[in-house]
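Look at the two complexes coming up: subunit A is in both, with subunit B in one and subunit C in the other.
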Partner chain A sequence: MNIFDIITINVLQSAIRLATPIILAALGAALCNKAGVLNLGIDGFITMSAFVAIVSTYLIRNFTAIGMMHPVLATFLGVLITALFGGLLGLIYAFLKDRFNVDLVVLSIATNMLALEITVYIMRAVFHQSGTWSDSSIVQLPSIELPLISSIPVLGDLLSGYNIIVYLSWIFAVLLIVLMKKTKWGRYITAVGENRDAAVSVGISVTKVRYFALILSGVLSGLAGAFLSVGHLTLFTRDMSAGRGWLGNAAALFGFNNPGGAFAAGLFFGFADALALRLQNVTKIPSYIIQVMPYVLTIVILSIVSYKALRDRRKRKAA
Partner chain B sequence: MKRLALIVLLVLSFIAFPLFAGGSSESTDAEDDLVTVAVVIPSPLGDRSFCDSANEGVIRANAELPVKVDLIETQGVHEHETAMRGAINRGYDLIMGVGLDTQMMIDLANEYPDQAFASPSELSETNLPPNLKSLLINVNKSSFLAGLIAGVMTETGKVGCVAGGDAPGINQFYYGFKQGVLEANPDAEVYVNYLGFDFSNPTLGMESAVALYNEGCDIIYAVCGLSGEGVLQAAAETGNFAIGVDTVQDEFYPGSIITSVIKRVDNSTYQIIEDYVNGDFEGGFETLDLEDGATGISWDVGYTTFEDNGPDFMVAKVPDAKALVEEYKEKILAGEYEVYDALTMPLWDSLR
Partner chain C sequence: MNAITFENISKYYPSTEVQASDNVSFSIRKGEIHAICGENGAGKSTLMNILFGLERMDSGRILINEEEVTLRNASDALAHGIGMVHQHFKLVPSFTVAESILLGTEEKPFISKKSEVEAVRELSEKYSLPIDPSALIDTLPVGMLQRVEILKMLIRNVEILILDEPTAVLTPNEVGPFLDTLRNLKERGKTIIFISHKLQEVLDASDRITVMRKGKFIGTKESKETNIYELADMMVGRKVLLSVDKKPSVPGETILSVENINVTSSSGLKILDNVSFSVRRGEIYGIAGVSGNGQEALIKAIAGEVQVRSGVIRISGKEVQNLSVEQKRKAGMAYVPEDRVHVGLNVEASLLDNSLLGYEDEKCFKKGMFLDEKKLRERAEKMISDYQIYGSSVDGLVSKLSGGNMQKVVLAREFEHVPDLLIVEQPVRGLDVGSIEFVHKAIIEERDKGTAVLLVSVELDEILSLSDRVGVMYSGSLAGELSGDEINETNIALLMVGKKGGVE
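Take a look at the complex of A and B:
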């Protein structure tokens, strides 16, 4: 069997869909790590955002004139509200860090625990459901065929036909790469993360950098949550993020906190999941071996990447 | 600033107090003459599976029997033993654990030999202490019936199963189903995707289903808890079909879900409580099956959602499927036909 029989366009598309929330989480985590504010609350942000996305979409769809006339628009507005909600969470984090010097790790533990329970609580109190909530009036985010690109053979199928959040994850990745590599603001962020006191001494506003990083990571988590509940599916389940925020944190470290690296690492995790599903269908390899593969692959690639980084560092030292 | 923060904190705690204090209900002394029962479930309600089902049994028992049954929800494996010990200390007459760790149940039963314990589902161990009762619902035969339906109704000759994890408890569903498909349609291919014990990941469930539909399957049996919600949605979105599990899921996406394999944990919960009230409680392991009405398919309990909403070309095949189901059900009940049981048998060559 040839490798292209296993890795088909369908597998790659599935990989991209599975990777999107991880990529969004990873970009946010990488940015925060660069800015020296470890945000481990992303997983909780995603769960809460997934809930906010479906509830706000439901409310707009059923209780506003716009939503009743344009169901799809209601979903887009729901996504927008969720992105703002995520930003608000980031803002609260930044405020608490900045004003009260709250330990973000402790805060994140609380956030993650709260996210799991509060969503279930509200679901139970308001919608009288406790594990899964959905409403048939909610319309999923439509898939968008990109003009021009979708007409290219093969590549068109691969790069086109996703919902807007998938494209946004790519746009954000590019913007963040440009920001970090090419702009002064990007260097400020790195400076604050690497040596806060030095940054302060040259007049960089640590506060601004932290607010920026935490709010943007919140917006990205918001989009990741919305992707889960109204983009990919139209339902909310208890613990919807299912650890994707943590995977995002891991992917950020995996990619050395560079946006490009984080994007690639997120994509890799999605690909590993999709491949694990595919291999079960087309090969006779026992499923328990297939299911450890993503983890083994992670270790292998991480070893290669760190070895290369180590060698580069040595080379630089020698030179 | 500090005062403001304090006020905010106070207000928040007032709001939060009723939120978190409302969880437990105290039993009062006035009900002393009633038999008291505690039912500990392994996760919060809302799993649309055995927790919710056990709760239905609790509600029915409270309504129909002279008992006071309390349902105790837990948040995960770390709370199970605490919840069980808490229930023991509060002096319930009978304490039930639904789907909790087998060894823990046995240890507790040995530690408190005068306390009655029971499990209405998922406890698969034949050697039990005399004060522990387990009712295990076998799902292989009902899954087999669902397999027959899938075998008759598939258009493409390819049928899939998205299973939560590669473990005997889940494989009991899968291999029963596979045997059914092959019995009805020997040329059919049966695919399985395991999700690595990810039972609350509908996103992965959906991608898994999409992969199987892309492979040419047109009917998928979803045996993966909340992840299955994604499978069912994938069926509706891609215009294919699915078979639900545990509870009646036919109405989630009318016309896309052919039937559901149901597992009546409500009945087994009720039955144990009833036995206890009547003084018939006896420790030991017992299985329930098709013949006990503990499991079956949604068609048997009067659901016609698919017939009413499904596409004509599929609905046209329903009578054939029904006839086959009836034929095999009789054979199984008469002991003329054997269905593979992953919990107790080594894998048959015909199912490899």
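Take a look at the complex of A and C:
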């Protein structure tokens, strides 16, 4: 069996799909890290957003005229609401940090625990379901074939045929790369994150930078959550994020908190996931070994990256 | 024409009860280099922070170009053409020189690296301050970083440039070119204010010199018409000596001996240069000097965990330079640090806990593996009455105590330990007269019990009234050692400003 029997175009497509929520989380985490506001609540944001996405889609689909007539539009509106909901979570974070100087790490621990339980609680109390919930009226986000690109052989299959959130993750990656590398605002964000005093002394608003980073990371988490519940499947399960937010945090570090790096790292984690799934199907390697692979890989790579960073720092100090 | 006029500026810090600025009035002429001198705590930095909008004054007026201004923040100050280079640089490590200089001045949303590099190159040529615009901040030496900070202000078109202790971070080789830079900026019409307590370079570089002491304006002198002696007198001041009854010392064997120790900072700057001295049983050895001349590093090397590059420190004959603080304490050292709130005490804990801090492992305080609560309580009660600690009970928080009573807690704890070597650092800083007397008496009593006392102080009268011998620190080395009749104000003051020949 050669390598192309294992890594087929389907595997790559599923890699991109699996990578999407991780990429969105990673872009938000990288931005926050750059701005010096560690957001470890992304995983919780995603779980809550996944829930909000399916519930809002369900409500629009069944209780509004527009949703009853256009089921797909209901899902799009659900995604939009979820993005705003994520932004609201980020706004709350920024407000608590700015006004009360709340410790974001502690807040994030609370957020993650709350996200897990409150979604299950509402699911039980309102929808009388435990574990998973879905409704047959809800329509999944449609796949979109990109004109021109979809007709290119191989590459067309690889780059086209995903739902809107996948494309949005790419667009956000590009926008953030440009923002951080080419604009003065990117420079301000870095300055605030690396040396707050330096930023303040030249009149840069630390408050604005923090609000921006946290709100945008919330919006991105919202999209990631919506992708899981109405983009990928049409159901909500307990702990829907299942650590993807944390993988996003890891990917951000792995990519040195640069949006480009975070994107590549997120893609890599998605590929590892897809490969693991594939290997379970085509090989006899015990599944628990394969399932643990992405995580082992993560640890190995993070170790290499941090070792390299340490060495660079030492070298610079010596020079 | 005056660039700046200060009128009756006052500033009081309620938290530390310090009058940092006390009715200060003087002015700075347009286009001059004006130095502001004074010891640490004289109020120089506070005044400059007020001028740069970082601190608000309680009362007074500031006039810029003869017009009254309100300065609420750094942006206000910059808008009035005032720029400041802080002692601790405010730079982003991962930025290039050009990015650092232009940070916050970008006009267009999108950045053009090429035109930025060009702009910085032009600026550096205009002011003859050569620098590589694409070098990374992280890789530059301190002198260059300072240049970046100066250029950062110049690109904002400041007319008045404040430099807070600019030479403190420079190596001796960098100081000369730096002073040339100041003269060069002056020629281009800029007004320069620089804070320093290094009198020689102040005399070399400035047109006029203002001296401050304890928040007060003492005087402004033309540099050409004054000299180092006059400035030293103004800085230190002639105060009424607090008289302390003291018997002549009866020194015994050597307890602390420091032999040729050298200490370098992480950036490679020499902080201590071949310092040697010894302290004997039953004497108080005073380390005098303007602060920032290596006293801090010396104390940290002896009492703390600063690694010496070379040299030997012995306590009662035992080499301790590589030992931990705990081991040094076991060797017989006790230490009363300058910063009692953060270093000497845990102010959020009770008096009882603080009375033991650091000595929890001593067998006599234990009952089995636990602390002997009853014994410790009695001991703490006794400390409270012996040392007249007012303001809190045994279980009360130390944070409730006044500064003087806090210091008594530290003294009580360290003295009860019956040390061979006692190190006291600025023991009366911020205390009222009554507490000062108490603390001084307690230190002398310790000496009379046969303890070797090392006293570090920038207060000249404290050194004069307590010390049996005096070593004066100047720029990292011991400028001279005085004993007996040689210990007087003039001799110490001369050594303090680096005039070795001062002692005949």
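Following the convention adopted for this analysis, the second predicted complex is superposed on the first by the 283 of 319 C-alpha atoms of A that agree within 3 Å, B and C clash if a C-alpha of one lies under 4 Å from a C-alpha of the other, contacts with A are read in each partner's own complex, and residues count from 1 in each chain.
In this text, contacts are C-beta pairs under 8 Å (C-beta built on N, C-alpha and C of every residue); 3 or more make two chains touch, one makes a residue touch a chain.
Please read all numbers here as calculations on a predicted model, not as lab measurements.
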item: Superposition-derived comparison: subunit B or subunit C, residues of subunit A touched; value: B
item: Touching partner for A:4 - first (subunit B), second (subunit C), both, neither; value: neither
item: Contacts of A:237 with subunit B and subunit C, given as first, second, both or neither; value: first
item: Which superposed partner A:182 touches (first subunit B, second subunit C, both, neither); value: second
item: Which of subunit B and subunit C A:202 touches, first, second, both or neither; value: second
item: First (subunit B), second (subunit C), both or neither touched by A:190; value: second
item: Residues on subunit A engaged by subunit C in the complex (per definition of touch); value: 182-185, 187-188, 190-191, 194-195, 197-204, 316, 319
item: Subunit B-facing residues of subunit A, complex; value: 8, 10-11, 14, 17-18, 21, 117, 120-121, 123-124, 129-132, 228, 232-235, 237-240, 242, 273-274, 276-278, 280-281, 286-288, 291
item: Residue numbers on subunit C that touch subunit A, as the complex places them; value: 74-75, 78, 86, 90-95, 99-100, 103-106, 108-111, 138-139, 152
item: Subunit B residues within the subunit A interface of the complex; value: 19, 44-48, 52, 75, 166, 191-194, 196, 198, 200-204, 206-208, 210-212, 214-215, 226, 229-230, 233
